[in-house]
Structures are given as structure tokens and as C-alpha cells.
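Read from first to last, the chains carry the letters A, B, C, D and E; within each, the first residue is number 1.
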Amino acid sequence: METREKKWFWTMAAPAVTGFVFFVLGPMLYSLFLSFTKFDVVSPPVWIGTGNYSYLLHDDPAFWPSVRVTLIFTAVSVPLALIIALIVALLLNTNVRGIGVFRTIYYLPSLLPSVASGVLWVWVFDPNVGLFNSLLRLIGIQGPGWTSSVVWALPALIIMSLWGFGGSMVIFLAGLQGVSRSLYEAASLDGAGPWEKFVHVTIPQISPVIFFNLTTGLIGAMKVFDNAYVFGAASGAGPGGPARATLFYVLNLYQKAFNYFHMGLGSAMAWLLFIAIMVLTAINFLLAKRWVHQAN
Amino acid sequence: RDSRVASPRELTWMLPSDLDRPLYEGILRDFAQAHPEIPIKPVWVTPGQYQVKLRTLLAANQAPDIFRCGDVWVANMLPFLHDITPLVERDAQQIDLDDIYPEVRAASCYKCRYYFIPSWYNVSLLYYNKKLFDERGVAYPRADWTWDNYIQAARKLTYRRPNGDQIWGSDMTTGWWGEWLIYVRQSGGDLFDPSVERCTLDSPSAVRGLEFYFDRMSQYHVVAPLGFSPPNGFAGGKIAMLPGGHVGSWVTYNKLPNLDWDIQVMPRGPFSQKGGEIAMDSWGISKTCNNPEAAWTLIKFITSKDGIRRQVLDGHLSIRRSVSAELKQQLTSRRPANRDASYRALQFGQRIPQSPDFIELAIDIVQPEVDLMLQGRQSPKQAAHKAAAAANQFMKVLGRSRSKG
Amino acid sequence: MASVVFEQIYKRYGTVTAVKNLSLEVRDCEFMVLVGPSGCGKTTALRMIAGLEEITEGRIKIGDKVVNDIEPRDRDIAMVFQNYALYPHMSVYDNMAFGLKIRRMPKSEIDARLAEAAKQLGIDQYLHRRPKELSGGQRQRVALGRAIVREPQVFLMDEPLSNLDAKLRVQTRAELIKLHRRLGITTIYVTHDQVEAMTMGDRIAVMKDGVLQQCDSPMEIYRKPVNLFVAGFIGTPSMNFLPGTVTESIDGELVVDVKAFTFDIPAEHKERVAGMKGRKVILGMRPADMFDASLKNPVGVSARNCLTALVDVVEPMGDIVTAYLKVGDAGVCEVDLVATLDGQTGAKSGAKMSVLVDVSRSHLFDAETEEAIY
Amino acid sequence: MASVVFEQIYKRYGTVTAVKNLSLEVRDCEFMVLVGPSGCGKTTALRMIAGLEEITEGRIKIGDKVVNDIEPRDRDIAMVFQNYALYPHMSVYDNMAFGLKIRRMPKSEIDARLAEAAKQLGIDQYLHRRPKELSGGQRQRVALGRAIVREPQVFLMDEPLSNLDAKLRVQTRAELIKLHRRLGITTIYVTHDQVEAMTMGDRIAVMKDGVLQQCDSPMEIYRKPVNLFVAGFIGTPSMNFLPGTVTESIDGELVVDVKAFTFDIPAEHKERVAGMKGRKVILGMRPADMFDASLKNPVGVSARNCLTALVDVVEPMGDIVTAYLKVGDAGVCEVDLVATLDGQTGAKSGAKMSVLVDVSRSHLFDAETEEAIY
Amino acid sequence: MSERINKSPIGPVAALVIGSIAMLLPLGWMLLTSLKTFPEVLAYPPVWWPAHPQWNNYIEAFRQFHFAGYLRNSLFLVALNVTGTLVSCTMAAYAFAFLEWRHKNILFGLLLSSMMLPGQVTVIPLFQLYVKLHWINTYWPLTIPSWLGCNVFGIFLLRQFFLTIPKDYLNAARIDGASEWLILRKVIIPMASPALLTVGVFTFVGSWNDLWGPLIFLHDERLYTLPVGLMNFIGMAGTAEGTPWHLMMAVATTMMLPIVMLFFFAQKSFIEGIATAGIKE
């Protein structure tokens, strides 16, 4: 029987495994190789050992700024998005009539193509005629020149990315729907009020979902590209501009690899990122043992 | 879907899908009539993506037979370009090289070889809004203006209309070298030494240029604060002068009936009037093209007198003296009235440094420091020194090894 | 400790009326079982006491206080849920202590109470385990413990045994009874299992379709069901029902004619049936009130009501045998009967046998109203 | 129809041995029940017949064919699962027809078979419903129907009744027996409920920890359990076990001394016990073999073995009462006993009563080997 | 939160309404801008409400920017990707959920870890690969991976869902004589429709919005999809006439519509799909 199932296993998994080998594993290993070479696409790669890595870590004026931007973005936007998503999910987790409309409204922005939302937000942040400063002006505040200010460009991008919290929200919503109602009932008979129920029932019960959202959120934040790229292009600040204030790590990578064809350098950057994400995820998993309640 | 890949006999021509598209569609139509034996397949791409697309196609060994190849990129793309010098020399008569403005012709050579033929050129000019000058009773810019004249005018032109509209005396180009490099050169400095092996932005005269660039905003307040430039800049009609503007904008400026604009050569700097940029918009042939002769026919068609004439009529700048002369009458009713300035400016023009690393250096290494300067985070001097240090480090470690490799 | 009183309670969900005009008093310290088939409104009634469902109409009093508008947390009740609803992320200790901690009881007192309850329930060695590390029976006890430590006025239990296997259920049943005796807390216990109801309740309230049918002690309900539904619902195997008519026998006595044969009417009920001649009725007969005539006759059972039956299926159960019988002519007036016979019976599937019926224990119902006549 | 033979079957999961050296023959047309506590390997044994688990060691034969290496689909068996495993997205008709369609049976024949099976099972009016629109009992019948229409050689059923409520379970039990009698297909039925095992099986195989304990007819197993485990497992409430010693009484007879009192050894077993003086033993006594001495003595029960007991809990169940008794001096040699007494007993919780024991039905087990002595 | 769901909670509903206004404001701005004239777009101080809604902008956008062609391409790719992902991910998830192979968990872990991989790690070699295969400027690079199960999240989600399906359904079908194919098609897929819908929606959105792939692998404008088409508009920003914000907003609005509709109608099953799959690591 086992041989029979094994045969079927491979039949069924064949497409995915083929895809994995050809489109993921193979390219991954090849890019590992490239990261030790100088390769400008035109001529064949030349082995230069760890040259790319040492250039990045020591000499590249853009590398550390892009790391900084990415880390700030991650540290601010991930927790904020998580908290907002959870609060909204809690509010949306009822059966009130018309709740579907609300769910759609909150989820909608995350469905918007990043090109469209990038364009939209650049417009919203336009210092003169944009929505944001127009609203601020209504209450008598002269808003900053968002997209062209080293100080405000990143916050603007963070606000824009927060707008798309809908993705984690639906997952929270799904998690909340999985919490047994009788636990809440038991808690209310035990004398718990709404806050105690939230702290002692909701949070532990959805901790795996929080963990999932946290993990994917961190990975996603480290990999931000689309928003930053469109933002730079549409705001006229140029990719990563002004003054590298929105030069996200992957955007930097993209510039190096695809604008200037330092493919080896780009591969090295990609691998550094991959390793960083793996380490972060591993730490995350280790910490999770302390606070995530495993259902089974 | 593979059927979309051109059949072997067909020539592929990669074109940016911008406002000139109708123009090129017309050229394609006429060429098909004139040369039915040479089928052309246009490949339209997003203008902003043109370079990336081209690069990836080159890398994929699927290069289009004919592609746009400004002088900015030529150093970079040399390995992919067909050396058309023999063709140019053979057909010198037919293409009438002498008819082309000498500065343009000079700028079309790379190390004395021809790799492309320009269809029009860009040169740095001072654009101005006549209506705003009239409104403030300021005299129009003159060819002998200095920086000071320019600043004085700009100050007068910076004001608030009774209805609350803020008018700015001048625009400022941010995000790339377009404007500051002019001032750096006009004050006697340059970004690089002639061999492009060392960044010289930290020289006192170069710093002087940067200071002028920056002071317009920080000292004279004739330029809108960073980010608060009125919507659509000069075209929006709220900015009186645009120094260093691009001739590519003529087409669109002329589509705005309320914009009464004209041009003048750039004001003179403390060191010289020279320093504006000359750039070519040109067409080259891919090394992989299996019928260069046919491609050459197309390029000749585009850059022939007829070809140039239709481009000029569409709003572009003529590279041929004969066409300029011929159309002079016809164009007087057209803006810019002072079309001559654009020819005169050629003598003040300079090419950007011919190095494969120039763009990366200017945009990714130097520009961030200039940005910080504009933010008021550092003085022009600090910016210049930091940029130079970073650029030199780049060239030492990556750029130089690259250009040698 | 307190009594619980339902006063004309209604509960409607949209168009569904889950509970209809329920009036019931659960006395102080009583163990009251709400029993009825699935969907009859037991859970709804219980949850209204807890405050987990709103009351559509009527009043519920705990002790002397009308609780309609009091929050669940302020009603001083504890509930054991069918699936226990233990907090899966808390240890047994924390599960039990949760309600006390929230009420800000000093830790020393919590520990004391928990220790006592855990000892009583025999779960003291599991206090640091998580619920998922416990067996079903242990979990059940933790759920109980959580309720006990609170020392509430009223216990509510919603089918607390239904997730346990048969053996454990029997065992826990007895433990629950002992516990109730020891603590003396008013308990309302919901089940759909009439065996549980019979064995556990001081009194049983039988419900059907949201309506209370009968509320009385188990024996009273077993012996004197007020209608066809209660008679059929209580007792296993179910009471045999034979539709028939009240007629006059040759000797002028009123008898019940169920086609296949006729039954005497017990002397003590004759009076009640007088004048009902011709009335359509349903005769009820418990399986335990039928005997194998070939064995020694039980005392006091008249040999008059003896039937010949075809044995269809025999289910041996040790000392007792359940026999599925067919009586009367096949196809004409055949009737199915179930009898629980002594294990020594020789009844064999497919064979004929004589069955003695203890008519004195028979029941009679009006076929139309389904109310009991006797 | 075919017999099913296990020949020294082992099943190991890693280090766990789920089934140990099982040899068992299920005869053609027999209704065999596998019973045992949870985790004893019943399901594993069944699934090996179906081919859903690999056999680690040994051979299984269906009919004359060794099936170890035959695919489930080719074994010509049908299985009824505990949760029925009805395809929720298919109508009852499609559920039942699924296996036949796969085997490319002509539609006319499928319809004929389905019609017949549906009529037999009384589900013909539901053929177009989805499973979720059916009650538990109806679903159970559809699951059965799906097995029947296949007309397999062997039926395998894994706790098919455990999701039904008590009443329905009793009813379906009888239906299954009838069905088996009508179709005569070899059936292997897994349950952990000994009542089901007792009432349904032609023979019962009792398993524990993967090992077959005893395989015999229900009555034989009830009356002559081969060891302590079987004795305790079969019968409800469980047999009372009293640890004791074989000693000599004043009158020189061997008796069993269980501290609180002594029991006679029935005459027919005296021989077997001879020479066992001093042996540690366990005396077994079924609750049904104890009587309220204040009622009329059952025939043949010697009045000699009469105990005084304290009534702890009384569970009335209609005509029978389960009494939880305490015998002997509290704290010294107190023993808990369970007795099922006649419903007319006056036993009251907390009161004393006299209990008569039918020693002729008592059992004796070696305390060490736990094997039955008699 | 509240066990009394039937009591209508005023506070939360009010919060929801205020929140959704905040969410909708940018979108409303987008919609209004798409109906303005160009001068209105540039007006300062800003005009909130267009004097005469310019529905023409939509027609103009369609005409000027080959919208119809981009739309057709986008739909074509979305259709291929959704089908491909559903087919390949379902198969893989079935294998990982139901079929036994000793090392399958290691393989699955490996597969999952590729979710951590930044797409940029592989894009360079992939590009080389596609060059070798002559796939550049074709739709192969944008479709084949999805047919080969490269949507690992989809596999993950479906596998989690499948694990909640009792194995007895499969056993019943196996005994009934069904092959694994038949079980997958006739038993599992119909039962997993919420999860399939969820994965389908995710894939739809992902493919519909994908900028990176078409940007890198397509060069021929006739092959472009909507996001790349919109990038075209942004490319116009460099020209002096200024960004045609009103037309861009019209395109953005049109791009969003199908997704809004999709989610609105699929919303319940979509969330159910995620909920039953249970996000547990």
C-alpha cells in the first residue's frame, strides 16, 4: 500500500515539485553562485569571491541607508497594521446586517493594485492640492511636502501601507470566527467583562493567527517593493528619493540589478535579505513558544 | 503568442509610447509606402521603462534592430551597437552631414566613430512665461543676462496675486543633475575630471555652482519650497521661468493654449556662459541586426530633410540648418518665437561625461547628497564633499573595475 | 443557594418559538432535570437562566430577585457546558481559578478552595496540565470543579455527560448525585437521555416543542405519565403503544380492543373508563410488564391476558433479554411488541412463544388528545 | 459471501503495536462483533481487512484468497464508517450509486439495486436530498444503503451507531440484526459498547491492548468470562470485584474470605478450588445476582449468603433500581458494591438494607494471572 | 466579542462607519478626480466636487491608452493563472494532506520556506532561464509557474483545509473503487469549495495586480497588462502637460471594479475558507 501511495504522492505532487525545482530551487542556487561573481548580463559572470558582499557591507553608500529605511518601516508599520487590523476585525466580527459591505470596504484597499494605490496616494499626498494637506488646511495646519521631504516621505509610505491592512484583517476575522462562543459564555459566567474576555479568551485563542500575521507581515515588510517603486516614480522623487529616504532594501536591489546591471551585486543583496528574513523568522518561531497557544 | 516575435525579414523598431507616438506612426506609414520591401515592426514601450526594457532585451539577446540611443547611454551600450561609421561615410553625400549643426554632429560621435544618427537634440534653455512677465512689467530675458539679472527678475516675479495665487519667479529641477550641473559648469567646476576617473564636485568653483542652485530657494526665495512647487510646474502657468528646461516639452507646451511662452539662452555664470547640456535623441542599429542595410535605410529616412521637417512641424527642434532656414517663415507664428536661441545655445552646450558609470554615479551616488542639501540638512559645501568622496569610493571599488572589466 | 422560578417564559427566535409559556419552580437545593427530545428548548431555557439568551416574555427569578435584566456575571450562577468550554490555553488550576481571580479573591483563599474541590473530584494531581492533556472524564471533572469553586447559588449543566463513553457516563452519574448531596446547591440539569433524567433528578421536567409536559419525581413520571409523549419518552425500551377502541366484552365488561386481541381494564381504573365505550384509545404497555409465560408467573399477574407471539429478534443482554415480538395475523392486524424478558427465557428468533401481560400496569390514552386516561 | 480469517496478524505503528498476534476466523455469514476499550486495536484490525492499513505481519484471507497485497477496491468489501462518511455534496442517490458508477454498472441496474435497497431501509423518499438534510438515523441508513447496494462479500462496520442518540441506537440495533439475517452477508462489527456487542453478535471477540481475550457467543462470554478483564468489561453495571483469599471455614469447607465477610464456593466448582487454600483470588459478583432480602427470595438462592449494607446512592430506572452499597466496617474493610434491585425495593439512600447474594453465579479469578478459576 | 449578537451594538457600528469613511476617503477622492476636468484637477485651492462629472474621461482613457487591449490581456492571464493555480495547488495539497510518503513533511517544509524568499533572489537566474527557453516577451513566464504550483501559499492553505476533511471520506471512496484522481475530482474538490474560492480570489488579485512579472518579462506593448498600462500613464508624468491625473484615476477605478465585485460577492465563503483552513503553523 505504501508503494502505491508513494506513487500517487509523486504523481500528484509532480507539477508543484517540478515548479519548485525549476523556478525556485534552481534559480536560488544559481543566484547564490552569481552573488560571488561580477556579472553585467552582457559578458559571462566572473568569479570575484566575496567581493560583492564586502562592497555592500563596507563601501556601498546606499546599502546601510536602505537597511535602515527597511527596518524603520518594518518596526513601525508591522505592529501598527497588526493592531489596527485586529481592532477592525473585532468590530467586524458580528452578524449585523450589511456587515458584508463594511468588510468589503475595509478589505478593499488591500486589493487595490499597488500601481493604482501608489498613484492614488502620491496624489493624496500632493502638498498643494492633495487630500491630506487639504484636510489639514481645513483645521488650520500647513501640512508638510510629504513626498519630497526626507522626514515625511517614509511616514507617508507607512501611512499608505497601513491603508492596506485588510489582508491581515480578514485573517484575523477568520481566526475570530474560530473562537468557540461557549468560551466567551463561560468567561462571562465566570464574571469576566469585555476587557477580561479580550485578554483572557480572545488573545490566547487567536494567538496562532496573530503569530501568522506577524510572521507574514514581517516577511512582507522586509520585501516591500511595489509601493516604494511606484511611489518614487509617481511622486517624481525618483526611485528611493528624496535622499534615499524611501530607498527600501529591495528597491535598492532592483536599481543595482536592473538599472545598472550589477547582477552579481544584486544577487548578493538578495541573499543577504533572504538570510536576514530566515533569521528573523527563526527568532520569531522561537519566541512564539512563549506566547502562542498551540491548538493541538 | 510566439507569433508576435518578428519574422526574420521584419525589422523591429523599439519606440517609446509617448506623445510623439502619432508622429512616429505617420513616419512608419510613409516609410511603408516608400520602402514596401522593408517591413518594419514597431515595438512600443512605456517611456519610463524604455531603458530597462532595452537592457533586458539586450541581455536576452532579443535586441530590437533599431532602438533609441541617446548620447547619455552610448558609452554604456557600446557592445551592442552596430558601428555605422562606414555607412555614414559611404552615404555622406546623401545624408548631407554638413547640413547638420556642427555641435550636434560633434556630439553624435563617440571616440570618433558613429554609432547613431540624431533625429533631434536637446539643449539647456531658459523658458519663460510672457504673461507673467507682462503682469509684473518685467522685461523679457535677454541673451546677455547674468545670474544676477536672472535673480533680480525672479524676485520681481515672485508675488502673490490678489486672488491668493502664489506665483514663483523660477522653477527648479530636482531629482537629477539636469539643472545643478549647468551651474556647476558655469561657475568653472565640473562633476568629473575629463577622463571621468575622479569626481571633482568638491572643487570650490563647483561648490559655487551648487550654492547658486540652492540659494535661489534658501536665500532669494524665488523658488517654491521643496515639494510645494505648483501643480505641473512651468506648464501650470504659475511659474515665470524655467531654467534648463527640455526641448522635448515644446510639443506639450504648445498644446496648452493659455501658456504664452518663449525661450532664451541660459544666463551667464561667473565663469562662463558655457555649461548647458547637449543631448541627442538618436537612433542606433543593433549589432545583432541581420539586415543593417535596411535598418540604415530607415534611419536615413527618419533623419532625412523630409523626416526632420515633419518632426520640426510636430514641435521638435531641427538638427538641420536647411530645415531651420526653410521653415523659418512658417514657424514665426509658432512658439517659441525666439527659436534662434535654441540654435545659439548650442555653442554654450556641453555633453555629459562619456562614461558607462555616469548615470549611476550621478543619480545613485551624488544626487542623494544634493537632495539632503535641498532639505537644508547640509550646506552645499558639505554636500559636494560628501558626494565627491562617495563617488570616488564607488569608482575605486566598483565603477573602475567595471569599466575596465 | 436559591430557588429558580420561571414565570410564563417565552423565547422566540424570529418566527421560531423555542420556549412557550414555561412556568416552573425549581426549589432551593433541588436537583431538577430538564429532559426532552432534541430541539425541544431545554438548552434555551437553561441559557435564559444564565443570562446568555434574552428573555422574550415572562420573568425569571433566582431567589427573590427578578434577573431578566441582570448581566450573566452578576447572577451568581455557574454552568457546566456540554463541551466543557475549558479555556484550552490555561492550566487546570487557572481554569478553575479564573472566575475567582476576576472577582479579586485573595490568592490564599483561591488556593484553599481549589485544593478542596480538586481533592473532592480527584483531579489534584492534574492541576498543572492543560485540558488537552486530560481524558474526557478528567476534563468533565475540571469543568465541574470550575463550577464548584465558585460556590454559586445555582448550578446549570447542559448535557455534561454526553461526551463521555457509556461506562464513564454511568460512573459519573453517581458521582454527580453524591456531589449534589454533599454541596446541596440548587442544580438544573439538561439532558435528552431519559436514563440520566430518571436516575439523577429529584424531579424531572419533560419538555416537548418548547412546552413543559410534566414535572414530577422520576417514579411518578414513569408510573403515571400524563400523556402519550411522556409515556413513550421515559423508559427504555419504549412503552409499546397499541391503538384500539374501548368496547364491551361478552360478559358486559368494558375492555380495550386492539384488533389482535383484547385487554382487560384494571379494576381500579374501571370507573374512569365508564361511559367511554366506542372511544378511540391507545393502550400502553411497558416492555418490562410482559413475561415469558413458560417461566414461573410473577406474583399477582393474572394469567388471563396471555398472548401468543412470534419472536422476531432476540437481543440477549446478560440477565435480561429484549425480545421483539409480532402478535396477531400477519398482514391483517399484526402488531409489533417489545418485551424485556428474564434471561432464562427460551425465546428463540423465529419461534412462537406465550407472553403474559401484567394488565394492572397498563396505560390508556385518548387517541385524539393523547392525554392519559389512566 | 465469504469467511474472513486472521492468521497471526501483527500491526505496528513505529513502536506501538496496535494488534498483537491476532488469529480469528469469522465464518461465512456470521455476524462477528469486535469489542474492547478505546485504543485496543479494533479499528486497526477492521481497517486491515479493508486494506486501508498495511499488515505488518501475518495473513488475512477473505474466502480462500490471501488479500494482503490486494487493493481495497478489489477486495469486494463494503464498509460503514463511524461518521458515515457520506459525501456531503452528493444526493442520497448519488452517494449510494457512487461505487456502482465507478464500476461502470449500467444505469438501469444501478436504479434497480438502489430502489430495492432504499425500500428495504425506508429511505426511498429521501433519495434526492443531501445528507445534511437528513436526521442522524436517516444518514445512518444511507450509509448502510451505500454498503448494501454493492452486494459485497463482507460488510465492515466501525461503530456505526455511536453517533445516534440512545433511543435510535436501540432501534437501529434491531434493524441491523434483521438486515443481516435477510442478506446473510458476513459482517464484522466494531464497537466499544458491550451492550451492542452482547445484543448483536453471533459471536463476540473481546480485545484488549491489541490482544484477543476471548471469542465466543454472547451468553457464553457473559456467563463464563475467561479472565478478569472480560468479566469486568462485559455486563453493565460492571461486575463487582472483591479481592480475597481462599480459606477454610470452621466447618472445614473452602470459602472465599474477602475481609468484610466470606463467600461459599458453589458446589460445582469446589473441585477446581481444591488445594488452592491460601491463594490470593478475586471474587466476581454481577450486580444482577444480588437481591433485596426483604422482598420475596428468588427461587434457588440460598439465604445463607446475606449481607448487611449501607445504601449510598439509589438510581431509579423504572422497574429496576441501581443501588450503590457499602459493606463492612467503614475505614477498615469497607467494600463498594453495585446491585441492580427490583423496582419495588424500599432501599433508600443512607439507610441500611439486607442483600442476598446468589453465590451459585459468582466468579473467581486468580489475583495474579487474572485468569478465571471458575 | 459579545455573546449577545442580536443586541445591536451602537458604539461599534458607529466606529465602523467612521473608520470606513477614513478608508473610503482616498477612494472617493480617486473617483471624484476621475470625473473632473483637467483644470479642475489642477485647481488650487482644490475643487472637491466636479462641476460636471466627466464620464468622458473613462472613454478617453479607454481610447488613449489601449485600455481594451490591456484589459483583454489581464483577463487572459488572470484566467490562466487562476485555473493553473487551482489545478496544480489542489493536486499538491492533496498529495501533502492525504498521501503518505516518508519524507513528505521535510519536502513540505522546504516548499513553505520559499515563502520567505524575496522574489528578487530568483529573478535574475529566472530571467536567464527564460532567455534560454526563448520565453522573454511571451506569456509563458507569467503562466507556467502557476501551472507548476509556484503559489506556495495556495498549497499551504488548501492543505490546511484538506486536513480538516476526515480521511474516512477518502477511505469510503477507495473501498468504493475510486482511484486517487477520481477521489480528488469527485470527493475532495466539491467539499473544498470555500478554500478553492479563497485561493482563487488570492490568485485573481495577485495576478490582476501583478506589476513585477509583466514589467520584467514583457516588452511588446500589445502584451501589456493593466498595471503596466497604468505605469505607462505615470511615464507621461515627465512631459510638460503634466500627469493626466483624471485619466489615471479613471483607469485605477476601472481596475479596481472587478476586484471589488469579486470580493463583495465572495466575501463570506472567502473568510470561511480561511477560517476552516485554520492558520496554524
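The working rule: a residue touches a chain if its C-beta (ideal position, glycine included) is under 8 Å from a C-beta of that chain, and two chains touch if they have at least 3 such contacts.
Computed from a predicted structure; not experimentally measured.
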{"item": "Between A-E and A-B, the pair joined by more C-beta contacts", "value": "A-E"}
{"item": "Centroid comparison with chain D (C-alpha atoms), farthest chain", "value": "B"}
{"item": "Chain C and chain D: spacing of chain centres that average the CA atoms, whole Å", "value": "25"}
{"item": "Inter-centroid spacing, chain D versus chain A (mean Cα positions, whole Å)", "value": "58"}
{"item": "Mean-CA-position distance for chain D and chain B (Å)", "value": "94"}
{"item": "Between chain A and chain E, centroid-to-centroid distance (C-alpha), Å", "value": "16"}
{"item": "Residue list for chain A, restricted to those that touch at least two other chains", "value": "2, 128-129, 185, 188, 233, 236, 258, 295"}
{"item": "Per-residue overlap in chain D, given as positions that touch at least 2 other chains", "value": "51"}
{"item": "Contacts with 2+ other chains: residues of chain B", "value": "48, 52, 56, 59, 230-231"}
{"item": "For the chain E and chain B complex, residues of the former touching the latter", "value": "41-42, 44, 127, 130-131, 134, 136-139, 215-216, 219-224, 228, 231-232, 234-243"}
{"item": "Complex interface listing, chain C residues touching chain D", "value": "38, 165-167, 170, 173-174, 177-178, 181, 192-195, 198-200, 218-219, 222, 234-238, 286, 288-289, 296, 299, 312-313, 315-320, 322, 324, 349"}
{"item": "Chain D-facing residues of chain E, complex", "value": "166, 168-169, 171-178, 182, 186-187, 190-191"}
{"item": "Complex contact set, residues of chain A against chain E", "value": "2, 5-6, 8-13, 15-20, 22-24, 26-28, 30-31, 34, 88, 90-96, 100-109, 111-116, 119-121, 123-124, 128-131, 134, 137, 163, 170-171, 173-175, 177-178, 181, 184-185, 188, 194, 197-198, 202, 208-209, 211-212, 215-216, 219, 222-223, 225-226, 229-230, 233-234, 236, 250, 253-254, 257-258, 263, 266-267, 269-271, 273-274, 277-278, 281, 285, 288, 294-295"}
{"item": "In the complex with chain E, residue positions of chain D that touch it", "value": "47, 50-52, 72-73, 75, 77-79, 81-83, 85, 87-90, 98-99, 102-103, 146, 150"}
